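Below, chain A partners chain B and then partners chain C, in two separate complexes.
Moving on to the complex of A and B:
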């Protein structure tokens, strides 16, 4: 029993490190499918974190949330996105607007920024610094992925990463929101992905590509 | 006794390196559903080359024949710095990781000189490519090693390994993961494996290492090939020592050493399998994508060094 307790504690402290690694890999990813699988991996790490919280806090609600995160973010959304990529038949390469080395540098700077921002707050309240910094880093890099990528699908992935960050921030500061709110957020997310998926099809059908930088010509 | 062990561990890398290469190519062949050559094949190749005549192009200077020997000597001396069975090495006292990196750089300098002295067009081309890759790989190499040396509060590889050995395996630190990913990318570039360079191709567009050794023959070529496999063994042992040293013999007793040898062989086989899997599943990069790849390594290296500030562990 002690061993499980120890494992739960270790999961919470060390998973932040792996989250940062997935962020860096996402910035360096060259293919849409790689990015989607990385997102799935990231969600799996967050699921482990929710389970660790559920175990240490002994709350049944958190187990339900963990099951929902797993079903939705690790399995359902990534497979839906992969199916979308397959159906859209767009080229597999990402075509980012900046090179992957620069993207990783920017992501690294964002991680450092989130650590420096979080440090004074984490020192006063007794919140694990690593996890909170990872949450802020996820929010920042999610936003960065959305602005630096050209493909519509990659912007969906960026939004999902951002949402993961918000979820993690809620988890680390308040040990999770009430179950009703979580369910609402998940439903919102599912609807959002659904609408964005439909939109991706519409963009492809109208313009025969998914490059959002070319959408500017429509103005006026 | 300890001196003997330190000497033996260096000898094992130098003389086991061709076997390692044979094992990796056998694994690659099996993964690709081919029979593959015997794992002892590199020794037969070296033996054949050592018996052959050393042909020198008419315009080449004495540098042409001296360069391969220089490459081999620099690489072998670098091996003396690597802790393998024990957290100590023959040159562990006076030498630190900067010496290791500079010895590898010296080896590469000799290699480029030898390639250019042959007078062929490919030698110069391969030399300039090698210089580009090594110049870009050196910064992340030093950054990754600096990060772990800050944690261990020592620049000597043996002390770093000794420090890591005393840590708990489950206390995963961000610095270690970042440094490991940096050094793994550097290792691929340094040893000239896929996706940076392909050691089995002679395609003009892509070859780096093979272009430089194209003019060499006989014993010179044997020294170059041998040095190349020694370098692969050296860098793999370095990664094992820095990041997975558990199982090394803390005290020089016979039983502990035997266990350390067994653990080292298992870890080496696992790493060879990973290398074979990566090489079989990834396509070679375009030459122009290599700076980008090493830029990613530099970014994670910088992050690893800066992360040592945040509490260390």
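Moving on to the complex of A and C:
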């Protein structure tokens, strides 16, 4: 058997483990910049998975998608976010509403939950179980990060993790959506980050802090 | 090519505004571009009605249903454009918050909503729906006050997460389509999915899963309870013309996407599942929003909750189905958008002259601002569904369908809430109109560019209440035939 073929196959199944690792580390992260770098790492793993898919499925479109994931999610967006953190000069330590230990525990529970949810489906339709479980785990932890973190930038990171999960789910079940649609989704993501960045500055300027839990004037 | 123009014109307009326009010239420029855009959209509507669906390339298509909603987009955007000409006179130029940026974002917003109506591919539909949020977030935060920034951030985050669920739903539907043998190019195409219903029904659990995610996702943008938390804040903090656009057009566009999905899913799995889901969200939204209307203190928050209630009514109409239910639902989206535009314009005038929207601080409107008070009264009487105004007609149609299907629980909840809302609205309005007020308005100004759109909207409410033109009726009937 072709060695590259073998490597591609292994990448797909083993990368799920690394993805779950980033999930746990993200839950434990104490600094915004750490979380951003973890997101970049996570996207790098997903890039490897897209490349493995591109190789095994012999799809030229998937190579383009891999290049886009790398350029946007591994390089551009994390650098932009790091620049934002620098410019906003917010104190870097995150003050999450729950402790790291509890957060890691919740993340672990979510991974377990993901496995139980996808198991029946994965068996029936020969989809790699680990990858699909990792996708669901990413969606859940992304949502969890958004509700448990106070910093505006951490909410952005949560959203990006959630989006990574949806992307991975599409990749494992259908080898991704048509290229034009993927490009559109990436474009929306980029614009979204830009608008959120504008708002991060505005929150800082009007409230003099980035703690979204202090945004409590509007209720009901 | 005809379909491309309504998408290109607002983009070019926005680029010109940002590139060459000054804040002084921005209004004139916006009026010209807006006029051309409306003509381009109406051309598509006419073409569809005279010679059937129009297609451009693989991703753009307009049929009778899109044409009906395009008409809505064109009409309300036109009114909003005229109304905002004078409304922005007090705005100083700030980055992202000047007249130039306002109109540029307005055009981006119109571009995305026209794009929603013209997408034939469900993936493109998602991209456009997400883009509506991005284009309007800075408009919601336009005033740059604490409240506006908070509302904008909340809007951005809540809707983006909601829409992410819709993307997941779209992917699940794509998976189901691929499994039933459609090619990757056509698996997200609406016409192909509608044509593929016997095969598509082979994996019913997957289709149901897709619909649940889609309803939760796009339902966030429609403002269904309990995903509605962004809506009152965004509507209350945005400049009034933008509130009108959000309530009158954006919510309808989100409802339009649900109509498209509902058609696919009910054709493949039977109407039972998808319609029940819409009915549940509809009744929940009507009841919860109806009760919350009573306790509101801010005029625009009151109107926002009323929008949630009315979107609930539309969802009930779609959920009941049947010719009368769907007819009522479509007619109601149109009537509601005109009524709510009128009300938000009137609220804008109140705000500009009183400097506040707190209803307990506003009094004696009937004497100090008679024209605005008249518009507010007319709009409110129409929006609570009294005859002879147009919303009565559509609510009556939906209610008749409920009785015809002997859904007594739905009908009862619907009627009880409507009477509660009626009482609540009247109570708030009477206070503002006739209460002795300690403060009088700082100004009693109403520009011609504000009076004309208000008069047009008011005339529309009365006209469609007394008599629905036969041509318009045919429009709705043909839109229903598409589903």
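The rule is short, and it goes like this: the second predicted complex is superposed on the first by the 215 of 220 C-alpha atoms of A that agree within 3 Å, B and C clash if a C-alpha of one lies under 4 Å from a C-alpha of the other, contacts with A are read in each partner's own complex, and residues count from 1 in each chain.
To be clear about the criterion, contacts are C-beta pairs under 8 Å (C-beta built on N, C-alpha and C of every residue); 3 or more make two chains touch, one makes a residue touch a chain.
What you see is a predicted model, and the numbers here were worked out from it, not measured in a lab.
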item: Fit or clash between chain C and chain B when superposed on chain A; value: fit
item: For chain A as apex, the angle formed with chain B and chain C - C-alpha centres, to the nearest 10 degrees; value: 150
item: First, second, both or neither for A:99, with chain B first and chain C second; value: first
item: Greater chain A contact set [chain C / chain B]; value: C
item: Which of chain B and chain C A:17 touches, first, second, both or neither; value: first
item: Partner chain in contact with A:112 - chain B first, chain C second, else both or neither; value: first
item: Contacts of A:170 with chain B and chain C, given as first, second, both or neither; value: second
item: Which superposed partner A:184 touches (first chain B, second chain C, both, neither); value: second
item: Which of chain B and chain C A:9 touches, first, second, both or neither; value: neither
item: Shortest CA-CA distance between chain B and chain C [superposed frame, angstrom]; value: 24
item: Contact footprint of chain B on chain A as seen in their complex; value: 10, 14, 16-18, 20-21, 24, 28, 99-102, 104-105, 107-108, 111-112, 115, 130
item: Touching residues on chain C, where the partner in the complex is chain A; value: 59, 96, 121, 123-124, 126-127, 130-131, 134, 137-138, 141, 144-147, 149-154, 156-157, 160-161, 164, 167-168, 171, 174-175, 178-179, 184-185, 188, 232-233, 236-237, 292
item: In the complex with chain A, residue positions of chain B that touch it; value: 170-174, 177-178, 181, 291-296, 298-300, 302-303, 306, 310
item: Touching residues on chain A, where the partner in the complex is chain C; value: 125, 139, 143, 146, 152, 155, 159, 162-163, 166, 169-170, 173-174, 177-178, 180-181, 184-185, 187-188, 191-192, 195-196, 198-199, 202-203, 206-207, 212, 215, 217-218, 220
